[in-house]
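First, the structure itself, so that you have it in front of you.
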Amino acid sequence: MADVELIPGGSLQTKTPEEGRQLAMKLARMIIKVTQPDADERNRQREIYSTEPSMMIALGQTVAIEFATIAAANDYWK
Amino acid sequence: MADVELIPGGSLQTKTPEEGRQLAMKLARMIIKVTQPDADERNRQREIYSTEPSMMIALGQTVAIEFATIAAANDYWK
Amino acid sequence: MADVELIPGGSLQTKTPEEGRQLAMKLARMIIKVTQPDADERNRQREIYSTEPSMMIALGQTVAIEFATIAAANDYWK
Amino acid sequence: MADVELIPGGSLQTKTPEEGRQLAMKLARMIIKVTQPDADERNRQREIYSTEPSMMIALGQTVAIEFATIAAANDYWK
Amino acid sequence: MADVELIPGGSLQTKTPEEGRQLAMKLARMIIKVTQPDADERNRQREIYSTEPSMMIALGQTVAIEFATIAAANDYWK
Amino acid sequence: MADVELIPGGSLQTKTPEEGRQLAMKLARMIIKVTQPDADERNRQREIYSTEPSMMIALGQTVAIEFATIAAANDYWK
């Protein structure tokens, strides 16, 4: 786990909500990457979940939860 | 990911709770769009989840989580 | 989406916790309505999920998440 | 929905955390009751989910989410 | 439900995060206990979910949600 | 449960968001470890969930929820 950056850039602060949203997706992806380091296997799985609506919806929940934290960390970019 | 706007309008602030709710649905949809860029495949999946109650309920959870963040960002439109 | 009201009454504020709970159920229902506009199909699905305990439990989670937002919006009716 | 009380007692405030926990279970139960008004059918479902670990775990999540709201409403009984 | 303590000790306050984590696990367990009072049946289920990764992950979510409330109740032991 | 540390280090405070993220993963893992103490069985399960996209997504949700608590405990490292 030592040589993977779980939070690209190392901070929860972003300039815009849009960048916050991108960070939420990256956070979700890094957990998958660190749990399954094999890129081919990750690609195989992506093929599966991107064509399976129940998994797409579940992925949406994961990103939504990550984003909630990032949004709070940025005081909602108010 | 560069040319898709994950947050249409780029802000979490909305004039009304109703618009906040619409934004929550859009946020959920954009994650699906960016993960599955093929519109035909997304339409195929929509046909599946819109006729499958367990997926409809899961979709409702995703929107509810997105909305919680948007509502906090707008201080609950108090 | 234009002619459906996602938040009946347009506000998260309610007089009582009981009304807040009713609103939470309505919010969850409206997402389903807007995603599946066919009333017959929604009735068919209701028959399914109301007799399937795993879906009933999942529905309970959705309402609980919606209610959390409504309760915060009303400062917990303190 | 008119003649069912979704929040027994009509308030989120409780004297103790223990009573808050009991209220969380009641809230979860009332959503099921209002969605499935047939007591025999609810008993049939209870038989199913109480012997199915994945549903028991999901039920635990629902209660946990309800309790989070109740605990906040009581300022964590501090 | 009268003679089971849903919150062992009756309080959300703990001396340390570690004890808070233990309490989170107990809270999750007590919901299962009160829903399924038969100890043999609970043991049977434990055998199932402890060897089924999807259920283990779901259990982890339940504990995480309980812990979030306990941590807030203790002001994060700051 | 006595001789396992559920929170390695015993604190929710971390120096950086990156370390907070690592702690979130550890918290999720310790719940699994304490529920399933057999290392061989845990390895068997890891093989399963790391090759099953729906479980990977669910795992991501668990970590996201743990991280939300840790981030709040650190005032989002602002």
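Things worth noting here:
Read from first to last, the chains carry the letters A, B, C, D, E and F; within each, the first residue is number 1.
Convention: a contact is a pair of C-beta atoms (placed from the backbone, for glycine too) under 8 Å apart; a residue touches a chain by one contact, two chains touch by 3 or more.
What you are looking at is a predicted structure, and each value in this text was computed from that prediction instead of being measured.
In terms of the stated touch criterion, the partners common to subunit B and subunit D are C, listed by label.
Centre-to-centre, using mean CA coordinates, subunit A is 27 Å away from subunit E.
With centres defined as mean CA coordinates, subunit B is found 16 Å away from subunit A. Residue positions of subunit D touching 2 or more other chains: 52, 54, 58-59, 61, 65, 68, 72.
Chain contacts in this assembly form a single closed ring in which each chain touches exactly two others. One ring covers every chain here, and the order obtained by setting off from subunit C toward subunit D is C, D, E, F, A, B.
Of all the residues in subunit A, the ones that touch subunit F in their complex are 1, 5-7, 10-13, 27-28, 30-32, 34-36, 41, 45-46, 48-49, 52, 54-55, 58-59, 61-62, 65-66, 68-69, 72-73. Interface of subunit D with subunit E (complex): residues 16-18, 21-22, 25, 50-54, 56-61, 63-65, 67-68, 71-72, 76-78.
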